[in-house]
Amino acid sequence: MSRPVTLFTGQWADLPIEELASRCASWGFDGLELACWGDHFEVDRALAEPAYVHGLRELLEGHELSSWAVGSHLVGQAVCDPIDYRHREVLPPEVWGDGDPEGVRTRSAERMKDTARAAAALGVETVTGFTGSSIWHMLYSFPPNDWDAVERGYEDFAERWAPIVDVFEAEGVRFALEVHPTEIAYDFVTTRRALAAIDRREGFGINLDPSHFAHQFLDAAAFAEEFADRIYHVHVKDSRRRLDGRRSILGSHLDFGDSRRGWDFVSPGHGDVDFEDFFRALNRIGYTGPLSIEWEDTGMDREWGARDALAFVRRTDFEPSQVAFDAAF
Amino acid sequence: MSRPVTLFTGQWADLPIEELASRCASWGFDGLELACWGDHFEVDRALAEPAYVHGLRELLEGHELSSWAVGSHLVGQAVCDPIDYRHREVLPPEVWGDGDPEGVRTRSAERMKDTARAAAALGVETVTGFTGSSIWHMLYSFPPNDWDAVERGYEDFAERWAPIVDVFEAEGVRFALEVHPTEIAYDFVTTRRALAAIDRREGFGINLDPSHFAHQFLDAAAFAEEFADRIYHVHVKDSRRRLDGRRSILGSHLDFGDSRRGWDFVSPGHGDVDFEDFFRALNRIGYTGPLSIEWEDTGMDREWGARDALAFVRRTDFEPSQVAFDAAF
Amino acid sequence: MSRPVTLFTGQWADLPIEELASRCASWGFDGLELACWGDHFEVDRALAEPAYVHGLRELLEGHELSSWAVGSHLVGQAVCDPIDYRHREVLPPEVWGDGDPEGVRTRSAERMKDTARAAAALGVETVTGFTGSSIWHMLYSFPPNDWDAVERGYEDFAERWAPIVDVFEAEGVRFALEVHPTEIAYDFVTTRRALAAIDRREGFGINLDPSHFAHQFLDAAAFAEEFADRIYHVHVKDSRRRLDGRRSILGSHLDFGDSRRGWDFVSPGHGDVDFEDFFRALNRIGYTGPLSIEWEDTGMDREWGARDALAFVRRTDFEPSQVAFDAAF
Amino acid sequence: MSRPVTLFTGQWADLPIEELASRCASWGFDGLELACWGDHFEVDRALAEPAYVHGLRELLEGHELSSWAVGSHLVGQAVCDPIDYRHREVLPPEVWGDGDPEGVRTRSAERMKDTARAAAALGVETVTGFTGSSIWHMLYSFPPNDWDAVERGYEDFAERWAPIVDVFEAEGVRFALEVHPTEIAYDFVTTRRALAAIDRREGFGINLDPSHFAHQFLDAAAFAEEFADRIYHVHVKDSRRRLDGRRSILGSHLDFGDSRRGWDFVSPGHGDVDFEDFFRALNRIGYTGPLSIEWEDTGMDREWGARDALAFVRRTDFEPSQVAFDAAF
Amino acid sequence: MSRPVTLFTGQWADLPIEELASRCASWGFDGLELACWGDHFEVDRALAEPAYVHGLRELLEGHELSSWAVGSHLVGQAVCDPIDYRHREVLPPEVWGDGDPEGVRTRSAERMKDTARAAAALGVETVTGFTGSSIWHMLYSFPPNDWDAVERGYEDFAERWAPIVDVFEAEGVRFALEVHPTEIAYDFVTTRRALAAIDRREGFGINLDPSHFAHQFLDAAAFAEEFADRIYHVHVKDSRRRLDGRRSILGSHLDFGDSRRGWDFVSPGHGDVDFEDFFRALNRIGYTGPLSIEWEDTGMDREWGARDALAFVRRTDFEPSQVAFDAAF
Amino acid sequence: MSRPVTLFTGQWADLPIEELASRCASWGFDGLELACWGDHFEVDRALAEPAYVHGLRELLEGHELSSWAVGSHLVGQAVCDPIDYRHREVLPPEVWGDGDPEGVRTRSAERMKDTARAAAALGVETVTGFTGSSIWHMLYSFPPNDWDAVERGYEDFAERWAPIVDVFEAEGVRFALEVHPTEIAYDFVTTRRALAAIDRREGFGINLDPSHFAHQFLDAAAFAEEFADRIYHVHVKDSRRRLDGRRSILGSHLDFGDSRRGWDFVSPGHGDVDFEDFFRALNRIGYTGPLSIEWEDTGMDREWGARDALAFVRRTDFEPSQVAFDAAF
C-alpha cells in the first residue's frame, strides 16, 4: 500500500476538531496531524485529564482516522527566538506570561517537553514543529555579521534543545523540525550545522516540507537522500516562483498572496515542487510515514483545495517497486 | 565621449588616499568616488579645515582625477537601523558615543547633514550611501509580521530622512541611496514605497548598483527605466548565481566567498549582470554621470581585478547614437 | 461557485443551433457564446422578428443553457480593414454589397450598431469581436513605414468605432475586442494605444484570449492585471510554439495545421498558455464572467476536443479563496 | 476511434500467459504484443503444433484481446552481436548451442526466419525486435576507430539481415527494429545508414520507442516524420533525465534504478518524452497501429504502473481531426 | 587567410563615397559592398560613362579597398511589391515615374537588369538585394487567406524575376536575395519555395544575413548548410530579443530603437546571433567570399560601432583547419 | 603570479620537438607537456642515454620553456584495454610485439614503469595519461551486463596499476589519469570507484580535463572540489554541445568534426566549459600547477588556435585574492 495521507490541522484551527475530523473523513483522508492549538490537541489537558486523550482517540477512530504526529510550531518557535510582540499573538497566555524574553523562551522549552509527554499519552511518536533561531535575522546583514555570533546561534540552539530532546527520547517520541526559513535550519548547509550542533541525536530529526525548498532553488529529493536517517515526517505543500524581472525572490516585505511577490505558497501540484522526483526519493530512502498535506494557498478556496490536494497525492504517490528488473530495453 | 569611470574607494580604505589616487591614475581611471572613511574623505575636517578640502582637490587634480560623488554608507546605515555591536565596528567613535540606539541614530543623522555640507565644500553634488531600515529584519518572519509595523518602517524612514534631505537640498547636493538588501529599498516594490514615503523629493534619489539585482532575479535595466528621474549615480559591480540544487539563494548564513553560497559578488563582467542591456538603458534615460566601479570579489586579486574591471567598462560602455536611422533592413 | 463555461459557436456554424445546443448541453456546458453567423444568432431577424429572440431563448433554456455574449468577429473585422476578396467570403451579402471598400466599411459599422441592438434584445450584455485595422499590414515593412501613417491608423479606428460605441452604450451593451494579431490591438503596446485612442470609454473593452499571447511571448496574466477594468469577456483557447531552429515564429505563409509552422492553435491545456497563472489573475481582478471555450485544433477531433476542453477548464478553474490567511508556514 | 493500446509482455515473462492475459483484460488493454520468451509465444511450438497457435488465439479472444505484433528482441540481438556470456543468459539453449560466436549468430538468424513464419501462423503481421550490432562497442573509442570498420558494421548488418528479410517478405510479415542504443540504429544518423544499407526494403522497418530518444536529446516526433513510411510499430515508454552536474548522461556503468545515474526509464507520462507532440506526429503520418506499452520503471510497482500507463495513454492519445478548418481566429 | 571583411555602405549614404572609403580604409576594412544609392554606385552612370567605373575602381584601389558586391535593395524591392507612397521615398525619380504600380514594377525590373550590367562593368560578380513580394502582407491574415493566392505570389515572383536572371546570367553576375521578412523568402520554408519557383537557377541565390533569423528563432548555421550551393554573399549583422512577457516578438508597430519592442537590430556581437556557430558553418560549406558588415544599431554611435564590429569579426572569424586530425583525446 | 601555461604536444607530434619548442616559445607559452611519442619525449632513450635528457632540457631552457609533466596516453591505454588492431596503430612496435593481448598489456605496464623512471630522469614529477579499461565497452549493454563483471573491471584496473604505482612512488613521480570516457574513470561515480579500488594511493591522481565533462553535463568545478587532493594536473580543452533534436549526444558513430554529431571538441573558450567557474575552483583548492592547453578543434587552423587559446587562458586565469574582505556591500 502507498503511504497514508493526513491533513495538518494548523490552518483550520478556526474549526472545532469534531467538525474538521468529520469533513476530513468525508473527503477521504487517512488521518490528521493535529495542531497543538485551537481545540485540536490541547497539551495541558492531555497531561491533566486522562479522559481527554481517550476521547480524542475515540473521535478520530469514529471517523476511521489515524494520527501519526502532532504539530507544535507556535510554541517551538519561541524556544530560540528573540521574543517580541509577534510571539504574543501566537503563544498561549501562560507561556507568554509577562513577555520577558528569556522567561518566554524558558516556558516555551518547558511546554515542548510537555508536548512530548502529551504526544506519548496520545500514542503518537512524532512531534513536528519549529525551533526558532537566535540568528535568523542575521541572514543578510550590513554592517557585516560577526561570524562568531552566527556560530553562537547554533550553540544556543543546541543548549536550549538538548534538554527538550532528553524528554523526547525518554518518552519515545521524536521531534521533527520543519526545515524552513526563520528556523535554525532552512537549507542543506544549515541543516548539516544544526544536526551537528545537536550531535545528530536520534530524538531530533526533520519534518521535510518541499515548499520551503522550491523558492530557494533547492532540490528536496536530494535533501531527502542526504538526510535520509533523519526524515521523520513529510509535509506536502507547494510554492511557485513568479519571477519576471520585477518581482524579487526575497519577497519585497509583502504578505503572502500579493501578486507582486516573486514567489508564493500554492496548493500541492500547482507550483514548482517536483513531487514525482520527491516521492521517488522518499521511496528510495524507505520513508513509510504519512504524507501530511499542509494546505495553504491564498488564491484558492480552502475546501476545494483540500480535496484537490488529496486527489493530487493519491494519483502521484505511486507504490514503489517490490522487485528488481532483470532486463531493461 | 562615453561616461567617465571612477573607482569607489570604500574597499581600499586600508590604503592612504595619496597612494590609492596614484595607483588609480596609473591604471587609467577618470576619478574617484571617495569613501567617507579611512583618510579618503574626512567629513569633520572638510567642515573644520578649509585647507583640507583644497588639498584634497589638489591631490586629485595632480593625478588628473575628478570626483563626482562621495560615499557615506557606514554612517547612513545607522540612521534607521536597530543598533547593535555591528555598528560600533563601522562608525566613528564620536557617532557611536555611548551606543544608546536612539542616540546613535540621532548622531548619525546629524553626521549625514554634515556630509552634505562637506560634499558641497568639496564641490561634489552627489552623496551615495545607505539609509538603514527599521524593518529589514522582518523580511521573512515567523510568527507572521504585523503588516502595519512594516508600514511604520517606511514612515520611520521618512521621518528620519526628511530633515537630512532638507540640508541636502539647501546645499545643492543630492543623496543617492544604494538600493540594496538591508536597506529601506532593495527592489522595485520597496523603492516605489520608499520614494513615495519621502514624497519623491528631488534631494533623495538612487545609486543604482546592478549587483544587488542579479541575485534577486531583477532586471536592472528595467529598473533604470522605471526610476529614470531618480537615478543619480551608478555603481558597476557584479554578482553571480551558483545554484545547483544544494546551494540556497538565501546565502545559508555564510560569509561572502564561501563556495557553498548560492550567489556571490564578483568582478564586473564575471557574473550575471547583463551590462550590455544595462548600459543601453542608461543611454536611453540620458544618464551621463560616472560609472563607478565598486570592486569586490573574494576570489580575485584586488589590483588585477581593478584593472580588469576598468578595461571591461571601457570596452562595454559604447557611445550612444547621435542620429536616428531612416532605414533598417 | 466557479465561473460558468460556455462554448463559442463560431467554429461550429456548419451545425444548426438546435443541434449544437443539444450536444453542448449533453457535454455539460453552462451556456453558449453565439456567433452572429450560420443560424446561431441572426442579427437582422433579432431586430425584425420579436418571436425570433424569444424562440432562441427558449431553445437555450430548454437545454439549461445560458448566454452571456454574442460574437461578431466577421462583420467587425470589416469596419477598419482595407477590403478585398477575403472579406466577401465571410460577410453577409447585403453587407458586402458591391464590394466598394468604403461602402463595405460603412455598412459593417452599421451592422455592428445593429448587433448591439440585437444583443440587447436577446438580453446579452457583451458583444465579442474584431475591429479590423487599417495598419495591420504595416507590421513589418520595407521600405520603412511612415510612422505618422501608423498613428493615423489608431485615429481611423477611433473615428470609425466611436459612433458604434455610442450605440453600444445607449443599449447598455459592451463591445469586447478580441486582442489578436490582424486587429488594431494585439499586444500590450497596441492595446494601450487603442484604448487611449477611444478615450477608454466604458463601452469598449477586451475579450481576452490567451492563445494569441503565447506565440508572441506575452504574459496573459500580466495583461489581465494591467487592463483589469476592461476585461469584459474571456476566451479559453491555447497555442503551442514548435520552434526547432527551422520553423519560424512568423508562420512561413503556411495555413494552420501545417507541421512546418513555428506555432499553432491547440485545444486548451495542450499548449503553452499557463492557465493556472491566467485563472489566478482573473481571480485577482475579480472577473466573474464566463470562460468561453473557442475550440480550434487542426490535429484533434472536434467533439473529442470540446469535451476534453470542458473537462480541462472544470478541473483547472478552481474557486478563489473567500478568506485571508493569518499565518503561512 | 483512437489507436488500440497493447501491453508488451516481455517484462512479465515470469507470469504465465494465461494469467497475464486475464489481468490485462481486466485492466482494459485492447491486446498484447507477445514476447517470444517465457510461455508467451513459443516459436518452435507455433511451427510444430497447429493446435498451439489455435489455442493461443482462443485464449486471447476469450479475453477480448487482439495481437498485432510479437516481440523477438532476445534472439534478434544475437544476429549481429559479438557473442559472449551475456547472450547465453537470454537465448534458448538450442540457439546458444556450444556458444561458438558465429554458430550462435547463424542459429539466431535462422530462428528469426522461423519467427516470421510463426508470426504468419498466428496471423500477426509485425515482429518487433533487435538486430544486434557488430560495431556498437565502437561508440566512443580510444585509440580512435578505423572508420572503415564502422562502415563494415553496416555492411555486416545488411548481409546478415537480408536473408531474414527475404523470409519476412515471403511470409507477408514485417520486421520492426526497435531503434535503441546497442543496436545497429539508435538515432537519426544511424537509422538513415541502416535503412540505406538494407536498401530500404519494405520488409524491414522501425518499432519506434521514444524512451530511447529522450536521453539522447532527440525529437521522437521529428523522427516519426522523417521515417514515416517505415514506422511499423510504436512502443509507449518513457525516460527521465536527472542531470545535476554530478550525474553523467552516459550512465556511469550503473544499473537502471540507481539514483546516481543521469537518466533512467520511467513509467509513461512520468518522464521527458513529449507524448503530446509524439502522438500528433503519429496522427500526421497516418499511423493507425497499436500503441504498445513497454512498461519499465524500477521505482514503481509494476501493476500500479501498468494501469497508470494505460490510463495515461487513453487520456493522451486523442482522436485526430477528420475535417479541415476554414477559419482560425 | 581568413575571409575579407567589407562594409555595406547602404546606411552611410549621407556620406560621399570618397569620404566613406577614406574612413573605412583607415579603420582597416578590406573593401566595400557599394550601395546603389547616394553617390556610392550609380548604375546609370556606370552604363553611360566608361570613365565613371574606372574612377570608382581607382578610388577604391587608392585606399587598398576591394569590392566583391554591390547592393540594390531599394529598386529590387519594387519589382514584386504592391507599390505605395513608401516606395516613392526610396526609388530614383525616373523609376518611380508617375507612380502607377505596374509601371513602377516594370521599370524597377529593367533597372535591375541594368544593375547586373553595371556590376559587370565594375567587375563585380554579385548583386545583393531584395525582391519585394506580392504576398508579404498576407503573413497573418484575417479573414483567412486564400492559399491559392499565396501560391500565386511565388509564381508572380518567378515570372517577374526570370527575365532579370536571364540578364544576370548573360552578364556572368549573380543576384543574391537577402532572405528577410518583407521579401518573397524570409525563412527555411519560403526559401525552399522561392528557389523552387525560380527553378534553382544559378543566377539567383542568397545573401545570408543572420540578423533576420535570430528574432524568428531560426538557426542561421543550419540554413547555410541546407542552402550551401546558393549562399553567394554574407552579411554580418545582429539582432537581440528582449522578451519579458510584455514586449511582443511581432514588434508592436513600433519603429526600431523603441525599447518597448520585443527585438531590435544591434551591432554584431551584441545580440543573439551565434557567430561562432555561423562562421563554422560557412567554413564547412566552403564559403570564401566577404563577410560584409551591415551596421545598424539605434543605440550606438555609428563610427564607434563600425570599428567595434570590424574588430569583432577579425577576432571571431578564425581560419578553418587545413588538416584532419588522427586522434582526439 | 598566475599559473604557468603549457602546451600538450600530443597533437603536434608531426613536428620535431625543436621546431615545436621554437614556435611555442615565440607564441609565449611557459612550457611544454611533452608527449611520449614522436620525438618529443623518448622514454627508452631517456633511460639509456644520459645525454638525451640533458639535451632535451637544454633545448627547452634555450627557449625559456619549462616542463612540469610528460604525457603517456597511448601506452597507458593498453594496460587495461581489451587489445585489438586499434592499439597497434598507436603503440611502439616493441610494446605491440606479436599483438597477443595479455602480452601487450604486460609490456605496456612495464613501459609505464619505465616512463616513471624516465620522467624522474628528466626532473618532471607528473606523468599524465590513460589507464585503459577492461569494462568501458559495457557502458550501455544489451543483453544486460552481469554487474559483478563491472566490479571485476575495477579490480582488474587495481591489480594492473598497483605495481606501476609502486614504481611511480619509488621514483617520486605521480601518475595523473585523464578522467575521460574510454577510461576506468570518466565521471564522478567511476572516479570514486577507481580511486577506492587503488586505495587512494598518493601516486595515483587525476589530470583534470573539463572538455570531457561538458558533453556529459558534468560540473568540472564541483569535480575539482570533490577530488581536490588528487588533482595533479589540469588540461585546458573545450567541447561544445550541438543538440537540436536530430543530433545525438552519443555521437552517432561519427568521427569528430562531423557536423551531424551532437557534440565536438573545440578550441578553449569556444565551447560549453565554464572556465570562469573552473579556474575559481582551482584557486579554492590551491592548485598551482600548469594549465596545459590540449588543443583540438577540427574546424580551426591549428596555429591560429594555439595562439587564440593561449590568449584566452592569459585573460581568464586571474590571480586569486591574497586577502579576506571585511565588508561586502
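Structural remarks
Labels for the chains are A, B, C, D, E and F, by order of writing; each one numbers its residues from 1.
The working rule: a residue touches a chain if its C-beta (ideal position, glycine included) is under 8 Å from a C-beta of that chain, and two chains touch if they have at least 3 such contacts.
Being a predicted model, the structure only gives us computed values, none of them experimental.
Averaging C-alpha coordinates per chain and comparing to chain E, the farthest chain turns out to be A.
Taking B-E and B-D together, the chain pair joined by more C-beta contacts is B-E.
The interface formed by A-D recurs in A-C: of the pairs listed in C-F, C-E or A-C, only this one shares over half of its residue-numbered contact pairs with it. Centre to centre, using the average C-alpha position, chain C and chain D are separated by 47 Å. Separating the CA-averaged centres of chain D and chain F is a span of 40 Å. Averaged C-alpha coordinates put the centre of chain A at 64 Å from the centre of chain E. For chain D, residues that reach two or more other chains under the stated contact definition are 90, 130, 142-144, 180, 182, 219, 222, 244-245, 327-329. In the complex of the two chains, the chain E residues touching chain B come out as 10-11, 73, 90, 130, 178, 180, 182, 242, 244, 256-257, 259, 265, 267, 270, 296-302, 304-305, 308. Interface residues of chain B, counted against chain D in their complex, comprise 244-245. On chain E, the positions that touch chain C within their shared complex are 74, 77, 85-87, 89-90, 130, 135, 137-147, 150, 153, 180-183, 186-190, 215-219, 222, 243, 245-255, 260, 262. The touching residues of chain D, when paired with chain C in their complex, are 219, 222, 225, 276-277, 280-281, 283-284, 318-325, 327-329.
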